[in-house]
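Across the two complexes that follow, chain A remains constant while its partner is chain B and subsequently chain C.
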Partner chain A sequence: MAAPLTLLLIVAVTIRAVLFRSSLAELIAERVEVVSPITAWKRVVEGLALLDLGVSPYAGDVFHETPLIIYLFHFVVDYAEITFMLADVITAVALYMAVKDYNKQVFRKQKFALEADRYPHDCLELIRSPREMYYIPLKVAMFYLLNPFTILSCVAKSTCGLNNAVVAVFILTTIKGNMLLSAIFLCLATYQSIYPLTLCAPAMLYLMQRQYIPVNFRRASFWWFVVQYLFMYLGSLFVLICLSFFLLGSWDYLPSVYGFILSVPDLTPNIGLFWYFFAEMFEHFRLFFLCVFQINVFFYTIPLSIKLKEHPVFLIFMQLAVISIFKSYPTVGDIALYMAFLPVWSHLHRFLRNIFLVSCVLLACSALFPVLWHLWIYAGSANSNFYYAITLLFNVAQILLVSDYFYAFLRREHHLTYGLYLKRKDGSEATLVLK
Partner chain B sequence: MGLLSDPNRRRALISMLTRLNAPICVVCYMAGVAWFMGLAFEPFTLRTYMSENAMGSTMVEERFPSGERALATAREFAAHKKKVGGMPVDWLVKTMEARGLEVFTQRFSRTLPFPDENKERYMVKGTNVYGILRAPRAPRTEALVLTAPCSPDDSNNQAVGLLLGLAHYFRNQIYWAKDIIFLVNDHDLIGMQAWLEGYHHTNTTGMDWSPLQGRGGSIQAALTLELSSDVVTSLDLVLEGLNGQLPNLDLANLFYAFCQKIGVLCTIQGKLQRNDWDSVSGYSHAVQTMMLMVMKQASGRPWGDHGLFLRYHIEAATIKGINSFRQFKTDATTIGRLLEGMYRKLNNLLERLHQSYFFYLMPSLSHFVSIGYYMPAFGLLAVILLLRALDLWVQLASPPPRSEDGMTDVEESSPGLLSVLTPLVISHLTGAALYLLPIHFQEMAVEHFPVSETEAVVLTAIAVYTAGLALPHNTHRFVSGEGTEQGWRVLKLVALLYLAVLLGCTALINFSLGFILALTLVPLAAFITPHVPKVLSAFILVILSPACTLLFSVFFFQELQEMPVSFQDGWVLYLSVISQGILDHSLYGSLVYPLISLLVYPCWLLFWNILFWK
Partner chain C sequence: MAAHRCSYSAVLFILFNLSVFIVVDSHQTTLTNDHHGSVVDNPQTASETVEQTAAQPAVDDRRWEATEVEEEAIPDDASTDTQGTSTPESVVLSSLPKPKDDFQEELVVRPLDSGDIYASFQFRTLWETDFMRGNKVSHYRLFPKSLGQVISKFSVRELHISFTQGYWRTMQWGQPFLPAPPGAELWVWFQDTVTDVDATWKELTNVLSGIFCASLNFIDSTNTVQPSASFKPLGIGNVTDHQFLRYATLPREIVCTENLTPWKKLLPCGSKAGLAVLLKSEKLFHSSFLSQAVHIRPVCQDQQCKTTSWELRQTLNVVFDLHTSGQSKREWSLFKMFSRTLTEACPLASSSKIHIDITDNPEGEQFELSPATPLLSQAVVLGDRRTFSVYDLTQQTTFGAVRSLNLLIRWKSSEGHMLRPLLHAERYVAGYGLQTGEIHTLMYNNHPFRSFPVLLLDSVPWYLRLYIHTLTVTSKGKDNKPSYIHYQPSKDRLRPHLLEMLVQLPPNSVTEITVQFERALLKWTEYTPDPNHGFYVGSSVISSLVPSTVAMDTNSTREQPLFSSFFPCKEESSFFVRVYTEPLLVNLPTPDFSMPYNVICLTCTVVAVGYGSLYNLLTRSFQIEEPSPGLAKRLANIIRKMRGVPLL
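What follows is the complex of A and B.
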């Protein structure tokens, strides 16, 4: 399996290298769909220039990345293109290894269940075979590396690629069962963009499952584990924050990075839901709706964790999707990360209901973004409503996609418990209805 | 959401859509065409009205007196032009300075990629002359432009004369709040392009021009004047700009309002307005007017010198004086008064023109069809593609019927990615060849064949286009042993969605182009399978291909203009239209040629490929 992966990596790097050299790179780096005010490379360069002049990089209200990023690029700014390609490669390899490990576990669990005769007899066609699972890790890597969204994001040198790499390594370490590294990388991801905070829940659930600790609030072992994990997580967060303080010698970065993410002062159009609402809103409602919008990202963690506590990896996928839809400055790079997981759930395809509709809408919206942007900004004949309509449609399609996968996953689990061909009490064939 | 979540209702809906797919598609197509034809019917259209407050309620008085003097200046200009044998730059500079303007010149030069046989030019060198009247009443942050192209032949002298006359008159008025720039541009659109690029400090097409020495404020609106006789019978308004872009409808409303006020006959597409909308001939007149607009817009080329302003977010139109055999004549003083009135109203603007519509079609000067009314016509055509795609998706998703021996081929259920990717890549490469080869191979073609450069370009384009038809056989040589029943279905699904997205995006930018392409491409996309009769379908496919659509459009356009041509002349015209399209792309950045060659043609090739699927 190493050979196809190597080939894939070579192809992916070649595509990126060619695009970096072409005239398209500049065009892509300007697209609002690809870069956000936080991740734009132009702003990082500005921050670096300020840093070199001995001014705080956060002085000009242009730069909003974290201090670690700027110190990273302080050293590798000449090799920025290689850094971004490397980040993509790391993400892909980490996802590849993580999914490979996860599939092994799924298969082992399925074997135990089969041996224990826990599945109903008519469910044999739902059982996953090693043959179909064999290529899934490679497909995951391919979905990430060859996804046009990832390529665009990499060519634009959006720092979103680095965040994705951190999240991917976090997933890898979690699935490998390394508690300390998992906490450290989760903390790094949180430090980068706050929102991965919600991944805390699936990580703990997964590690507990691995160590056979029951999720039971009355058990001391459960609380002991939670305390341990949170201690490591908060401890490394504390270290990181202090490190940033000592690097810059001021707390400037806290309002400039996290305040910027949470209070959404920059209303440049993007593919998210925030900009239009807050541009239209009366000023005195702003705080209230800000809270409503931001709680949206975090709130789904609770119901999802309760429902999916047996399936933490699927929960990670759901959380990543929720973050990329509802975060304040989303870019296509965020979408690419959760889309990479779609091949892992390829066995759910028979239960998906709207996949055709959703993929048509996603495809059409991706093509319409630049067209409507052109009509609005350059031709001046359309206006922001046109662009926002497409943004809205794009996000509705994403939500439909995610809820479709959620429904399919639950339905498969239901069938695995109750049998594939459900009967009503009177013996006629029953159908499942989601209401 | 019940429809999306309740499996029984979904099943009912999907089975209805698949069972009745063909009839629904036919009904949609007819409804789309009928809707479009209905747009020209007057009760279905809206009356134009002035949306902009600053131009609507205020009254202005037109007092321009010196039409005769302007015509005298025009004659002087003509004499000097004849003497110099081109644009009399020195005379223009002197005259403008005498009228109290700040005068500047701009030199430019441009070598065309191949000779333009229509206008007989290859290496273009010229000079633009412009004078700025500084606003006495405001901080000079905004400007208006009046331009008159200086053409090499004897036409348009009166426009330059009137422009100078207006400059002289405007100079003595005190109410100007915006700078007014009087521009005489050389070599029509090329000069205009040079001047606009110079004014906005951009260079998109690689032209050489000297930087502008003087500027006004940001330009709010521009009018181009074309006048070739001392008296005119009517004034024609030209709106279509580059890539089918239109100015704000308020500019057309302004022109119409002043024509009504002053009592000048006004036309659009050269067609007068008629009041008998309820008669057949009145309706067909409106249809003709609208179709002319659709054809012109679809061509994506600027139909007057104003066309390039639109790219810079400046509302602009061309006013063309037409002298025909009608009794009623309008003299230069009246046209001057009309322009004075329009400029005074534009002078009152507080913001850019943005209140009224940007997307519209005009079946007459007093009626328009807005985007909300014409988009359903396109939507009805586009939905056919989605219905066909849904049908295919259902066919692909449902398990294939077991064959007699109870065995289903494993290969059959999973068509290789390769069998879909190969045609896609090859057809796009053909498209790229169509885009690149004509210009790059002209020298070689001229060496080896007895043709001129222009002919070489056009004939290479046609040759590449035709060569692409041999594609299916080549594709299958690459992918041996492919071509399953599932394979073409997947390819067709991809092609249908591709076409739908492509046409949708085109229709948003240039509705007319999108609609004409949809009109021809949608039926073929809907019915094509490998199982239809080969020869007949291949014939239909070729007839409905983009190149043939262009050929028919040329004849249809001539027919609409009431200048029908014989087949021979039509063919010559067709060749020149192709060369003009390529030139427009490289000179002004028109998008139609790359759109057709890089996207539409490859998409059409995919359907051609499906027909010859083995």
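What follows is the complex of A and C.
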């Protein structure tokens, strides 16, 4: 199993190295779909240049990275390409190992359920075989490393790749059951872009499941666990924030990084929903809609956690997808991270309703982004509405994709409880509906 | 902050060293110049002594006006002073006993080599008073009360405001006496007693906006900067802490009659008498370039600077294009240009003169000047010794028998040799598309063998996000690292970028400065009413001490023509020049302004689709669908029920 992974890594690194050397790299680094004001490499370099000039990088409105990123690239700015390739490799390997471990657990659980005869008898075709699960970890790594979105993001040196690596390591440590490391990496991810905060819930659910702590509000063990985890999480967050303060000696980075993410002052077009909406917003409704849109990202955490409390890894997938759709400055790198999980849910394919349509729309939109951008910005023959329309379509497609997987997952669970071939009262074949 | 001050003082030190070096370096040449100059000076001084008798058998029958007095002993340190530091000697006026206030007016006409005519009006009011005292100044004679109140209310130390229509073409016209960028420019030094400079500045701009009928109220924090080195006080005062300095330009400002009228009203004689009768807007605005300005600064009354007085200098520079005025022959007269002739000086003026630059026309072979004047004057201006014919309007004889003065220049030959200006700059935006771009600034040093440092000031609005790491400075194909960079990055919707650099320009070279920027998409309410016209970026300001070919007049105690005495000169070997580049017009990407409702609806729909589908899956559960009977069957059952027969 290690050999194909090594081969995959070599192929992925080669593709990236070739692209870094080609003239495309400069073009890709300017693409608004690939880099956002937060993650653009150009802005990291600018921040370092400002630091060299003796100006605080947060004195202006160009640099929005966290102080740790500055600190990191202060040393490795000359090896940036290697750093970003390494970040991708780490992400892929972490996801690979995490999914491998997760699959083992899934299989074990399935075995217990089968032994306890908990599944209905007509569900045998829903049971997952080790043979089909064998290549899933490799597919996950492949989906991440060879995804054009990831490649573009890496070649553009978008720091999104680093954030993905942190999140992937967080997932790995969580699945491995290491509470402390999980909290630390979650805190790192939060520190980088706030939104991974919502991954707190699945992480706790998963760790509790592993430690056989029931999710019951009346149990002291539950609360003890929550307090422990939150303490580690908040403690490391506190340490990180203080460390950042001591790195630059000022709190300027707080409004410049987190204020920037939350208040969306930069309306540079991207693939998200925020930019055009807030460019066209009436000034007195701005704050209201800003709150609505930002709450929207965090809003689904609690209902999803309740619904999926038995399946925290799927919850992680859902949360990552929701974040990458509704965050304020999304890039294709964010999408690549949750798309890497799609092979994990390959057993859901028989329940997906419109995967063909959605994948066609996603592909078409990805092709149309540069075309319409060119028409608007360079040719002048289109206007902003064209590009905006494509972002809308792209987001609708993502929403449909995610909700489709969610539907399929719930449906499979339902079948595993009630049997695959359901019958009506009169004995005819039944159709399943949501009510 | 401390680092800034350190580097700032380092710059001063460098400037200081440079100037010393230049002085030493040019000692040989200036010596010979001086020698030559003294030879020339001798007949002047001689002529001065016999001017009263008017019976001088001069070289020709022209007289030299008594503008150049014997060299006086200059304090040694005066020559080593730099432009940056102001000393009490900076502007010292003649030590003659004077009334408390004094008004002078002056018109300089210079035929330009491009065939255009440059006319520069200067009106100076001096008033020995103290606006900053506790008791209010209430009695105004020559000084305009509106400005006096502004000075005392806002604790202004220096105020410089200019309104300019058109762009001064340095390469064709040479250096102007008073440079000004297109649009409106305002820079103010406040007294160090002002606590909240920003609030005072805001209030001041609004008041000035009313006084000059201009859109100065559009000056806010997004176009105001505090230059660290480029704008030093021109009057006395040794405060150089730039936190009391505010500088703003409005490159889009259109200058027209409504700005000229209030400007004329500030003059003691209004436009009723004196040179100001020539300022008719229908002619002035039919010109290639028009710049009107007001400069207020404290100056010394005497060399010891025991008493200070306030100087109000109102200047108006205009360039007329002779070719567009329709005549085939090149002929210029006061009447033709201003549609007025002069009949008297302003009765309140202590001096009222017209200077015509005849340096290029010593023998009268280029043009003919009528009526001829016997009075000549020499002045060193902008590093060049110029000769002027002088008409003194306070003398009745100037107006002749017709009691009206209509100066006339009639050209004989059209060839003219252009002395290229030593320092010249231009700027443009490169790149295509609406995403990124690059600002190129070209600075030309036309001096054949001397290099000199220049200070470049760039203030770029926040919506063009500059990337300072892309800054390159190249001269003669080589990297030319600026010895000082002061960069203040922008804050969105709050303050502009400020970039100040000290660059050494090698002799006879072009220095190119490029910096990349990114164009921001603004909120739809932040665009101007004509968004696709583009957004203006104010001129770059290039300030420099340019090596002079002749010895500059550092002794400011002598009576000088107004046009040559504005920028205080600290050393003989160089003179101060400020060059403004073209303003830039940059297009930004625009949203569709007709779409706010649609965009809000459509985006909210997408969010609702997301919310709806997740809500659906979260709250509902899977159930087996029990088919409802068909419509026909249901209808039949209803009828059956009414009939009382068993249902189907």
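For the reader, a short list of remarks on this structure follows.
We adopt the following convention: the second predicted complex is superposed on the first by the 433 of 435 C-alpha atoms of A that agree within 3 Å, B and C clash if a C-alpha of one lies under 4 Å from a C-alpha of the other, contacts with A are read in each partner's own complex, and residues count from 1 in each chain.
Definition applied: a residue touches a chain if its C-beta (ideal position, glycine included) is under 8 Å from a C-beta of that chain, and two chains touch if they have at least 3 such contacts.
Just so we're clear, the structure is a prediction, and the values are computed from it rather than from any experiment.
Applying the stated clash criterion after superposition on chain A shows that chain B and chain C can sit side by side.
In the superposed model, A:V371 lies in contact with chain B only, and not with chain C. Residue contacts after overlaying the shared chain place A:R411 against chain C, while chain B stays out of touching range.
Looking at the shared chain after the overlay, A:L363 reaches chain B, while chain C stays out of its contact range. Once the two complexes are laid over each other on the shared chain, residue contacts for A:N296 go to chain C alone; chain B is not touched.
In the superposition on chain A, A:L230 contacts neither chain B nor chain C.
For the superposed model, the angle subtended at the Cα centre of chain A by chain B and chain C works out to 60 degrees in steps of 10.
Judged by the touch definition given at the top, the superposed model places A:V76 against neither chain B nor chain C.
Between chain B and chain C, the partner in contact with more residues of chain A is C.
In the superposition on chain A, A:A49 makes contact with chain C only, not with chain B.
Once chain A of one complex is fitted onto chain A of the other, the partner contacts of A:L273 are limited to chain C, with no touch recorded for chain B.
After superposing the two complexes on their shared chain, the closest approach between C-alpha atoms of chain B and chain C is 5 Å.
The contact surfaces that chain B and chain C form on chain A in the two complexes overlap at residues 378, 400, 431-435.
Considering their complex, residues 353-354, 356, 360, 363-364, 367-368, 371-372, 374-375, 378-382, 400, 431-435 of chain A touch chain B. If you check the complex, the residues on chain C that touch chain A are 3-4, 7, 432-436, 462, 465, 467-469, 485, 487-493, 497, 518, 520-525, 589-592, 595-596, 599-600, 602-603, 606-607, 609-611, 613-614, 616-618, 620-627. Residues 30, 32, 42, 45-46, 48-50, 53-55, 59-62, 265-269, 273, 275-283, 289, 293, 296, 300, 303-304, 307, 322, 325-326, 376-378, 383-385, 388, 392, 395-396, 399-400, 403, 406-407, 410-411, 414, 422, 424-425, 430-435 of chain A are the ones touching chain C in the complex. The touching residues of chain B, when paired with chain A in their complex, are 4-8, 10, 245-246, 310-311, 313, 352, 354, 358-359, 386, 389-390, 393, 497, 500-502, 504-505, 508-509.
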